[in-house]
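Both complexes below contain subunit A, partnered by subunit B and then by subunit C.
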Partner chain A sequence: MQAKGMLAGLSALLLLSTCSALYEDQIKKFDWRGVNVGALRQSRVDLNHFQPRILLSTNEGVVASVCVKTGEIVWRQVLEQKPRGDIKLLQVSGFSDDSSDTAAAPIGSNMGFDMLTVQGHAPALVRGWNTNMGALEWEWSTMPLNTERALDGLWFYSRSVLYHVVPTWKSHLEVTAYFASSGHSTGSTSKVMASWITPENCLLSGTYYICVDGKQLISLDLVSKSGQAFRTALEAEPKSKLQPLAGLNGVLIADGKLISVNKDQAVCSGLQSSSYAVGTFNYRKILAYADVASGILKINAVYLDNCSPVAELEQGVPFPEHFGTPSLNSFDCKLKRNGEGKGCLFLFSTSAESILAVQGGRIRWSREEALANVIDTQFVDLPLADTEGTLENEMKGKAVDFTSFERDIVSAFLRRITTQAVQIRSLFLHVIGLGPPPTATQRAGLVRDSFGLHKMLVVLTRSGKIFGIDNISGKHHWQLYLPNVKGFDNAEQMRLIIQRSAKHFPLQPLCTILAQDAANGNGVLYRFNPITGQASEGGLLQLDYKVKQLSLLGETENDFVKGILLLDASNKVHVYPQHATSLADGLYLYTADVKTSELTGYFVKYAGGQLSSTHIWNVRLGGHNSEQQIIGVAGKNPIEHVHSQGRVLGDRSVLYKYINPNLVAFVTQAPDATHKSILNLYLVDVVSGSVIFTMTHRKVRAPLSIVHSENWLAYSYFNEKVRRTEITTIELYEGKSQANSSVWSSLQAPPMPLVERQSYIIPTIVEALRETITERGITNKHVLIGTSSGSIVEMPWHLLDPRRPIASTTQGREEGAIPYIPELPLPTESHINYNQTIARLRNIYTAPSGLESTCLVVATGLDLFVTRVAPSKTFDLLKEDFDYILISIVLVALTSGSLIVKHLASRKLLKQAWK
Partner chain B sequence: MSAKLNSKKYKWALDFNISKNADMPSPLGYNPSALVNQSEVVRDQRLVIKKSWDLALGPLKNIPMNLFIMYMSGNSISIFPIMMVGMMLIRPIKAMFTTQVTSKMAEGAQGTGQRIVYFLGNMANVALALYKCHSMGLLPTHASDWLAFVQPQTRLEYYGGGISFV
Partner chain C sequence: MKMNLKMELVLLALFSAVAGSWAFLEHDSWITVELKHSLASDGFSFRGNVTIPSLNSGLANVAQPALTEVELDILKTLARQNEFYRLKATVVYSNGAKAQFLTSNKACRLLQAQLNDVLWISLDPSGFVTGITVSEDAAPGNAECTQEDLDKLAESQFSTDVLIRHAELAPVPDTAGFIQKVEREREARERGEVRDNRGFFAKYWMYIVPVVLLVLVSGATNQDGAK
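So, the complex of A and B:
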């Protein structure tokens, strides 16, 4: 019986699961992927290899090789997640900080490895790579005795030996040497007594461990047999943190000056710069340094042996502001073209997380690695074309001049005639080639299409860099960089807000970024036009208070700006722009304190030109011993429309959905003595502060992903008992009748919902969950599941439906629900990114397009993937392989055929009549 | 009929082709009414009344037959049951609109009664067809049929907020 039920269920599943796979010829038609490596940490430029290359390691735990000419990735290896994949050392064979080694080693000599990396601390993994193809050749690991101390461990390489330095602060250093390619220890661990070492003041430069102590440096040569500490006096106490200079043994940078603690290594002490790098030019060692002054990046170099400047390498490069502050990471010069200095390639990393290559007095290429850390995205409609714009004006009955507009028939008719005359004239001028030149945005192809599928994708990144990206072509139209901003406390990121959309034609759209000032922690607002990337309304606005929370208000009547309401740390309320203040009246606000797991509700009142907030409720989710920590908060998408108000049951009655727009889900987690870990879910109405529903999961823990929409909620978690990831879904219903079918008020005590719940097993690790969203909400909702393997699975809601009947009853079947099977299928055709794996997938964002059937999707992580999905298929769009020619031929043939036949028939009738 | 048509078309033509037609024009000088006697007229009247009662009771006589067809066709929605139900619904309605014409023949003492019976019979047939539609689930009689027109509730309160930034 059960097997039969299973069989029926499976067949129903096969029939019902909407196949939304792509056809082969649709690959890369609607989607594109940006591949990133992350902010540059260490790099080697090698122009003299038989295959010129750049090898690099990044902050994101990526090892990659980049093409010298274009900056494209030749190969990329994404290592494990941090802390295991945190790259401590990148060592390329033939380059060493030990000066003697560099000088002696012939390029490309085989020292047992091409390139090695050291990553993680417990265990530390040492890997040897083939630099031509990026293949892993060998690997060995060490497990430290004390994992906490190993966190501060340092690694350096000298003469085929890899040294591991583990400091014990204020006590001693433990130095262990390994043969780099085999991992065999060369001897026992040596302990160097050093009571002066502290985490803030010490660094490793080549083989020297150097600490600053007031006005002097205390150095230890870790390779030398003596192990004697020696002191070097400084002219002044260094104001900033010391930095080692890669490539020179025992040399460090203090306040832009070079200091050498190595007696064998002389440095040119007269130099002053923000970044240095060491390389060879004309078979002599040189020191290059670079600084930005008034928009020009100046690169200079000196010979290390006599400190005379290298005239050939001196160059100035115009440096766009949006790259941030550059710092010279490494460079290399071609040996054969040493005469002129054009054969040198300088690799810069910048504070905006870009990678720049400067060669021959210009920026050869740049990589925008800030996109490896996207924190928010928004889709913005593109502006209308000129002719459509004037038509739009007419439709609205509002001319460019807002003060005087008539609506009587005569003037409207006249306006229409003039508009059409203007259109015809502009068309004519365009044809004969005399028309006005297209605007910058039009030239760039940034004109709205008829289906609203072409949009500007505004991407905010963690470094404070903002991009305007074409969602069809992937082209970066503009870039902005906000220095000195950072995300908020409690791991809350900066916010990207659309204050005015592109729908109000003569007015330009307006976007705002809310961030925290890196220096004083106060709030910062930056207003800009998302189409052009230009600052608008004064651009940067420094607030004089800390921001606690924000909310978006309704549109104002005269300029259609949605105001931003900010709650500051002292619970005062502020609104930007000022004239939207009155719209904040009657708004409810809540804040969730992650540390204490306490929710606080406020009511905002506008009286006498003043806004005030009143504390109205408190909810404590901390549990009896305050151990519960909020790990997830999910509200509904504020632009969501719910088209269907209920669900049709098998007996054709309606189960009305409980659509509470003020419902927010909170998930807390706490350790537990008997169950290891407990996860609690609370559904709270944040207007009234009432808890609508709670649920507890035992032996369950983070990682948690949660999605909340319409009347349902889905969240994934890790089940410790059976060691698998599960998804629980909840649906809320009002019942067979609606208490109030016209208005929803959380304060009038709406009835408690009926709750349906079900759990499913998903055979993968979930990184992100997101629901699809469309313009009117008529299209089915699918849940996009981002997995740790870098794919996005489009899961129809009817598979996650908590009303899937466990016993195969006719009731459930008539309702259209599939019998319950705990395992969720992950068919390959529902992977919307087919083979375009998104490395380190972190989040998925969705936005409606102009078509009801289509939803735009951005997946972010290390890579960026942009596509669109049609959950109910493109019912409002003809297929792209639709045969227009055939259908028009058939139409014309049938019409003309019927006309001819009619004529023939009448003639025949006439003839018959005469018979 | 065709002879009549033909005679209209060719006013002066004689049609020799339709010799088998019973509806031939009477010979010249022949008056059919002149020969009818009174008793035959009375019998004819009775016949007419009987005939019209037959006509009036026709729809009612159809009901058992329709019931049987309905029972046989089942409640599944497919092309044949739909066609049958459609015919069952349309035929009596059509017939009712042509009542005026049929009752012209029954202009007698029982004309009104016949008309009422004929009408009621047709109504019974329509009701039967509607019942069939209902049992097939074709009538929008459930709340779920009007679900698409239910407007979303307007919300009175708006909220903002999230995890505290400080």
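So, the complex of A and C:
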């Protein structure tokens, strides 16, 4: 009995140690990280510095310096989350909108700062940066009196003074001036009366505050002493929103034309372009502009003083469609190369959130910043090599007509012989170099490996750009851009769906994106091949209704496509492709309204060639006045397999798991009079509409992360009472007997599962939770915990287990449960991304590989991190440092040794016999 | 129309001992539920009323008239076509507020269970109904009804059990319990009461190993001597 206890203790120890770290020589062997900065907001190209550089600020609250030649990041500073980290102004020393210290200003002139940024509004933080290293040198902040009004605040810099402009709409402007590097106010706040200002019609250009009023511009010079408003007449009322032109004081762009309200600043008014930028060339100020016409990006420039064109800079660059619409952000020219346009580097931002550098008539480099906002990813199997494909075909043929197999032995034999003949021939041709040229995918190395570890990572981003990325090398194989799409209402993002996997060899895999049209809000489907990135099945399909819910159907028999079932706003059901319609019969659907917290269940019926939906249940989670809001919905991964149906207890009896594939967890949050804030968890069977379990947390609030798998659920939240993050875990069991072990039916389900629950303290802030998933579900499940500091912790389920016994009983020990400790350990060796921090970690996605032991992981945020984990260690794989040579030598030596010894022994026997 | 009043006692103990201790509302109240089912040619017809005077005790008064011939025929038709039996429930709270719920189950299952069904009423933590589900006790049966099943139906009177699912209070990290446990262990150690519950080998390996070694070594030398 005692030995048994020891054994249990030992096994518990073993279980604890399953979570092991990476060895040093494994670093970057199968993981990689993509580092992004986000969509470009302001930039400054500086080619004449002793170290040419590009300084930029982005929409993601990042300040960075990138290499001029390659576009690689020299340094990057990720500021606070929005709204605190929202960058309002980036000002580089030596470049100012003021005419006195532009262009002519000496480089590196000492103004007390290299580069400053203004971020946030309450408080507004002003920071000075060292541009060579990216180090923060100084900082000051200012807290506005009125936080709400400060949200619309604007900042500009002029002659060592930083001005803060706070508009009070339809009333006045408050202008406060600070010394840029110290933060001391230069005087009191001045109020400028301006009753015409509205948020839509006004902008700041240099020191001028300009508003459009019908066919007039009303401008205020905020730096001048007089503070007089003056009017400028326009030729026509501007159709689009006005934009300021950076670099010229008091100049703005209206419908592609330049207008100056500054009397001292003349502009070339005859130009028409979508984007402009100001810079110097041959010591003269020039104005560059760029437009895309029929796939060619044309860059032109004029001298500002006489509006004559700069012939040297004129260039046309072939412009790939997937970058979207470009807009010239800034440029700079080398001073030394007089008279030559090749020394100029133009920096573009595009609608697909790329950053492009154009130099000498070609795209020098590009950065794909759309990857800073990944919303969905899928791992797609790579296609088979041709020879394997034919083999696969043969096997498939056999499987299909299995009944006729016996009488068809001759044809099967013939088929096999011909296949092998073909294989031998192709091998021979390949050897002598006459074989068929490899296909494009093969040349790119996109062929399935024997373990299924090499996959195509399809990444969908918020801007509508889609990438096909090699999950091993990190190479971008293809890119696609869908303009004019956006996510859905209800805060639902676009969806990436695999309609056909690569398993059906001669047929190509098929992916679909479901999005909403930005213009009219109707649904949009885009079908493409995830291996090549080419549109297939007609590509873009505009639907004529709004999409409310989406579901995937089973595979069709002839072309193996999983149909997409869409529920539209008027509860009509549609299926794509059309021929899969009959498969939608008998399908259950549900919708959840985030605002009213009402769930509705539908049953889809196919009769007489028509699909119809019946409303069959509803659930109200909103409470009395629908004050409860749904903040989290978690279903199970549809590809999940549950290998073990139960859990063996200490007394060798089995506790059966309650494995309901239709169970979905909903979390609602509401303010509460007595408990400040309450969080409710509901487990709802979405087929029968039955609320299986309800649990409530008091004094607890978002941020919430939730993961739901097999028979368990784990979710993290913030406990307001003790100010810490906690994780609650739940396990559901049917009991000691199983109601129906073969088929699950929600309509005949066991009504009341046993619910085990426990809460743990986690000494970090949780940003994302995800379970590992493997091919057959035999491998242990671990929970990947993404923390706000950018690391991913691999937590074995044994530690989160709600059945961890509080009193150390022998029963718990024999069950293999570790005694309860309220705080979860976060050992450094279980951080799967070691020092590869993922900035602004938002989500983790997992997918099974071909190996049972291994699970593929991709973590997204500002950065992208791809790796693989083996929760139960790589039990089905030899170690990477396995010594094949040694084992071969040993084998050969032993075999030959035994042969020699055998020979010697027989000779000895012979000799003895002769004696 | 025959009125039948039936009292159903619900044992909270059914919800397992753990759940029972937390499953109480701070402010008890009453609700009434009006049931309508889709057994009329045009939409929903009246099925009965359920009154729950106290949500905490879970006692329910169920008043349901028997089904008419027409309704039974419709029910049988639904069962034959494997259609849904849909039930609309209107909950009226003590303050007069109303909420409407819909639930469905296969009509065939209802027939197979001889009109015995269970009405699950799920409550949220403040006592408001989140969902009402009608289900039948798991009865053996085919998914689809045969004519035989339809003929077997003898009842025309619903016999309904009303069960209430209360919301439960979530656990909090048990730091106090853990500290107490650690304290107890420390005290026990200080008093020297700690019982060595290691295994036999774990405790005495330092004595056993030399003995075994000795035996082995002596055995080996003996063998040599014998030769």
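Assume the second predicted complex is superposed on the first by the 867 of 915 C-alpha atoms of A that agree within 3 Å, B and C clash if a C-alpha of one lies under 4 Å from a C-alpha of the other, contacts with A are read in each partner's own complex, and residues count from 1 in each chain.
Note that in this section a contact is a pair of C-beta atoms (placed from the backbone, for glycine too) under 8 Å apart; a residue touches a chain by one contact, two chains touch by 3 or more.
A quick note: this is a predicted structure, and the numbers were derived from the prediction, not measured.
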After the superposition on A, what does A:Leu151 contact: first (subunit B), second (subunit C), both or neither? neither
Touching partner for A:Asn662 - first (subunit B), second (subunit C), both, neither: first
Just subunit B (first), just subunit C (second), both, or neither: which does A:Gly689 touch? second
With the two complexes superposed on chain A, say which partner A:Gln516 touches: subunit B (first), subunit C (second), both, or neither. first
With the two complexes superposed on chain A, say which partner A:Asn680 touches: subunit B (first), subunit C (second), both, or neither. second
Would you check which partner chain A:Leu747 touches, where first means subunit B only, second means subunit C only, and both and neither mean what they say? both
Is A:Cys67 contacted by the first partner subunit B, the second partner subunit C, both or neither? neither
After lining up the shared chain so the two structures overlap, which partner does A:Leu234 touch, if you call subunit B first and subunit C second: first, second, both or neither? neither
Contacts of subunit A common to subunit B and subunit C in the A-superposed view 745, 747
Using the touch definition from the top, list the residues of subunit A that touch subunit C in their complex. 2-3, 5-6, 603, 614-621, 623-624, 628, 678, 680-682, 684, 688-691, 693-698, 719, 726, 728, 739, 745, 747-748, 750-752, 754-755, 757-761, 806-807, 820-823
Complex contact set, residues of subunit C against subunit A: 14-16, 18-19, 84, 86, 97, 99-106, 109, 118, 120, 122-126, 128-131, 133, 135-136, 138, 143, 163, 165-175, 177-178, 181, 197-202
Which residues of subunit A touch subunit B once you look at their complex with the stated criterion? 488-490, 492, 516, 546-552, 554, 565, 567, 569, 586-594, 602, 630, 633, 635, 641-646, 648-649, 652-654, 659, 661-662, 686-687, 738, 740-747
Complex interface listing, subunit B residues touching subunit A: 137, 142-145, 147-148, 150-166
